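One structure is given here, and the rest of the page talks about it.
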């Protein structure tokens, strides 16, 4: 029976394998080394790889991420951990300007193979400052790539691709998924000898015929739960498409599922205004207008800064019940 | 015959009147005082109002904007100039976290009546780093307001409202519009005695019946030019709706024009992915699906970092010809 | 592992004017404040473990003298802003245990209506401007409060607290230059507890031999370094900075050496890995500010063991009451998620009624 | 208006080893570099006014000695990164006038294919990493180049230039702490021309009496202050820092006093408002680095008036040729707007072919 490991361990394996594969790969972040990582993603890596490859940083995100961008231009392959992706906001200029545009402004004379990874999610009662989900913000900028895995399998396969990618990849995880266990074959079970998942390919996580639930990150898990409810309680067969990668975007997979079900809801934990749902739903309208039997709906987090109060924050985020209710409104 | 002044002068008048109205209003920015403003918007204000009210800042956007946010919590009404709105990226955390969420995280015990204004546009051959148009990025965050006037009249009326507003308002101008002249009645021509335009009201800038061209900022001017061409060359009567304010958003006006014309194109100088066009077009689908005779189209700047090369950058931005061509494809 | 060193000699600053002026009751009040902070946090810890409190809980235990001592000096126009380790400062400015505990429980009766949580306490009516979760993010805000005081012609200052790890944030550098350049009456207080999470000061910061506060010289700014175990030293040192702000409208950068007994947050599993048990033990026994002050007051004949027990008991009871109050209070309603986002909407003004402000639910 | 002061005494550092080692030809080459920079910019200015060049044009005229002198010291593993006032550094590292001029014209033959413009020159193959438009934004990148050199075990350094106004950006503060903390072989060179746009150093920065570079002491970092009019002083001072980087892998913060003859950019209408005509005149006559070096070389018998005229003429001709080349070159095609965004797409790899990368046109 296939091996099952946690999302956290899957990431760690991916990082460990890439550290082994390429000596130019190194990890920098706050508490990633001696402390083993605030969320233990990098646990054991400093012990194994030492001071050169796994480095604790001061609380200077603009400084060390900017430093990583410079080092990546020079051929290194930095993997930067943001303890929370929310902290990208103090490094925003480095991440939006230097990482995205130095290649362009040099006419392609350099590239920026950096990975910035960390949790980008709400739902953990840490308040507005620590609960940002900026997939849409970074994916807005050409030159950047944004990836957001929802299970252990994707987490391992995508982090390896992200590190091998020659463009900047912002890899958004979720502290609520770190503990989730899922099937991840060990390398010797794989004929390729390792698990690498191309960035830019969405994945149908559940087959269905009546409606498409399209999502990314933690919302994909919620969408799967909603699909169960729709099946059990309402006999509605929902297809769940997990984008996995926001930019590049697998629009073919999106149109394919919409042409199949003629109904779609986009679910995200992001704020709604100019969110991924807005982009995807408008693309569906542009590319599959005549296939739609109903408007594409969007479900996002309640449009306010993340609230602390634990029971309230639960309500603020998309729930399976809410998805079911909205689905019934167009099925 | 009514008075005509430039967009730049209209802004200056608005600032000057608010400085006169409320002694808590003051201006801080790089070169806004002794230099008279990099783009001369604040010309003469330092001479008139002195060191206390018009202040030159070091190149420390996070520092002085954060300082302004703190001062605004204390009851002052800072108007911060960003020489280019692109420089908001080095002050991003202050603008996205502290300005938007301190009210919320305090349970409403304080508010942040700050205005951050400056040009947010491409098209001036200053390259990728200086050509960001982050309307969508800031409007994504609840707690913030985003305003983007396209003519002198709106510029004056809206900057005054922005300064009087008790929430943070990010006021995005355009260096390409500063010189544009338009009708702006002097106060004695107005029975109210001054020109104040509420934030959150869109304006039909041209009546039409066949298709709605919806836009904001500089793109609204391009849309008007396209409407002329459509009329002259193709006998198509396009309605042009200028949003003026991105958040709050006048969705009623949007649905009204769509119900009237049954066809819509959103035009913006922003990057397309998760842009304002995506938000507006998905809202139209959600709220006026059955009124649509064709998918809502989106026109944005060519999806690459802003290119320097002058003739190329012209092509990168939306043009009237392009709008006409896309309009014909759905009319 | 470089471990922080602290001077232990009992303070000779008892007779500094600002300390000489203290009545016995004042001295006991200072003790009471520290004890109340500690009991409050010990009680909150209990309820965190029982699951009534979510998110992070950054305890101030071991650092109480810094908030109690410095805030005891403040007058009507003096203000406070700090980071996420904010319970001590909140109680020191006079916020009630009830509103603070209820906030941790996420209740409507909390100081931030349950919307901010442990890291985001606020009470502007008590000159307390938060509670900020982004490291260093509060430092320009503190300059802004000072700027506003000066702008309005008020003789006051803003005490802006930050940690030893926060000094490496760019925003702080920009704030320091602005404060000195524009003569802002702000006092930056680095609460140097030796660590930023699991990272010792030596692994996070390059700084001059004289210490972290000496970075102020880069801006020609006044600075001082204070032993945080002693209320007398804190009051004497901070008072100088406050006077500089009041009379010259000049900023100061202070470093107060202190120590946190607990982990970075309750979630910190490594609290005894990056610091030796011995180090922690040493500070808990030899440098506990409450024990230190208690000994001082007993020495001075102001306090007795019995009196101390009574104060302690009282504070414990107050904390339990606060927890009970928090327990009994209601959570906000779902609809309240959308309150307190926009002032104009909350106050149902024309601006608040114009255009759509919210885009989901 | 506080106006910058500069020492005028002719340099006594001619016999510093690094200068004593210069051959006559080397000395003439240094002159040639400075003159070529100036002629290049004078020519670009002409074409800016004629409308062939768009956007900003930040001229380096008056500061040529800084780029020419410091970059003349660099070896195979030494690298350069700077801000937007980048023409001088570009020519000094050996980029051709043609590729630099064509870039200004927005042509495909430009060093950045016309995509970057005046502020964003790049030539990694010549150890030149830009050309950066955001003030201070290049300073962490410079630390990154140094980090990579050290990581790869190469004995080299990165010279990272910034302006006197850039020192107040948070990113620079963070970079300085990292550089000292992690022993990065980076040399930060503050080109202090006295002004950030129209703002004098005194109005933008609070700093120690010894000058801007003395801010380095906040990080326990080595620093020095250099008179930028003299090639000898620059070479002697910068060489020390390079050696520190090479042999100790330690950073240095240098301040080189210089002056820009022109406005902040060609668009600067106030160039003679925030600076007195007299001040500008004084620096153009008494502190022009080309005149100063010319006088030195004539004094040394290495140069004659005729020889100087020849060099000047040659450089002028080269600049005109470059302009002609730029004029004749093609603009990129519209489709090229989408090249050079993603490496994977440009190289048509599987990653580049997977998923949609562009969302309009």
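Order of writing sets the labels: A, B, C and D. Residues in every chain begin at 1.
The rule is short, and it goes like this: a residue touches a chain if its C-beta (ideal position, glycine included) is under 8 Å from a C-beta of that chain, and two chains touch if they have at least 3 such contacts.
Treat the numbers as computed from the prediction; the structure is a model and nothing was measured.
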Distance-maximising chain from subunit A - centres being C-alpha averages: D
Between B-C and B-D, the pair with more C-beta contacts: B-C
Subunit B-subunit D separation of Cα centroids, rounded to whole Å: 36
Between subunit B and subunit A, distance of the C-alpha-averaged centres to the nearest whole Å: 31
Centroid spacing, where centroids are CA-atom means, of subunit B and subunit C in whole angstrom: 40
Distance from the mean Cα position of subunit D to that of subunit C, given in whole angstrom: 45
Subunit D: positions in contact with at least two other chains: 112, 114-117, 120, 132, 134, 137, 168-171, 173-174, 177, 181, 203-205, 341, 358-359
For subunit A, residues that touch 2 or more chains besides their own: 58, 60, 62-63, 86, 89-90, 93, 97, 104-105, 127-129, 142-143, 247, 271, 273, 279, 298, 303-305, 307-308
Touching residues (chain side subunit D, partner subunit A) in the complex: 81, 110-117, 120, 122-125, 129-132, 134, 137, 139-145, 147-149, 151-152, 170-171, 173-175, 177-178, 181, 339-344, 346-347, 349-351, 354-359
Contact set on subunit A toward subunit D in their complex: 24, 26, 52, 57-58, 60, 62-76, 93-94, 97-98, 102-111, 113, 142-143, 145, 161, 165-167, 198-201, 245, 247-251, 279
Contact footprint of subunit B on subunit D as seen in their complex: 54-56, 103, 106-107, 112, 114-117, 119-120, 132-137, 165-166, 168-171, 196-199, 203-205, 270, 273-274, 331-332, 334, 336-338, 341, 358-361
Subunit A to subunit C touching residues, read off their complex: 30-31, 34-36, 38, 56, 58-60, 62-63, 86-87, 89-90, 124-130, 271-273, 298-305, 307-312, 315-316
Parts of subunit C lying in touch with subunit D, wherever the complex brings them together: 168-174, 176-177, 180-181, 203-209, 214-215, 217-221
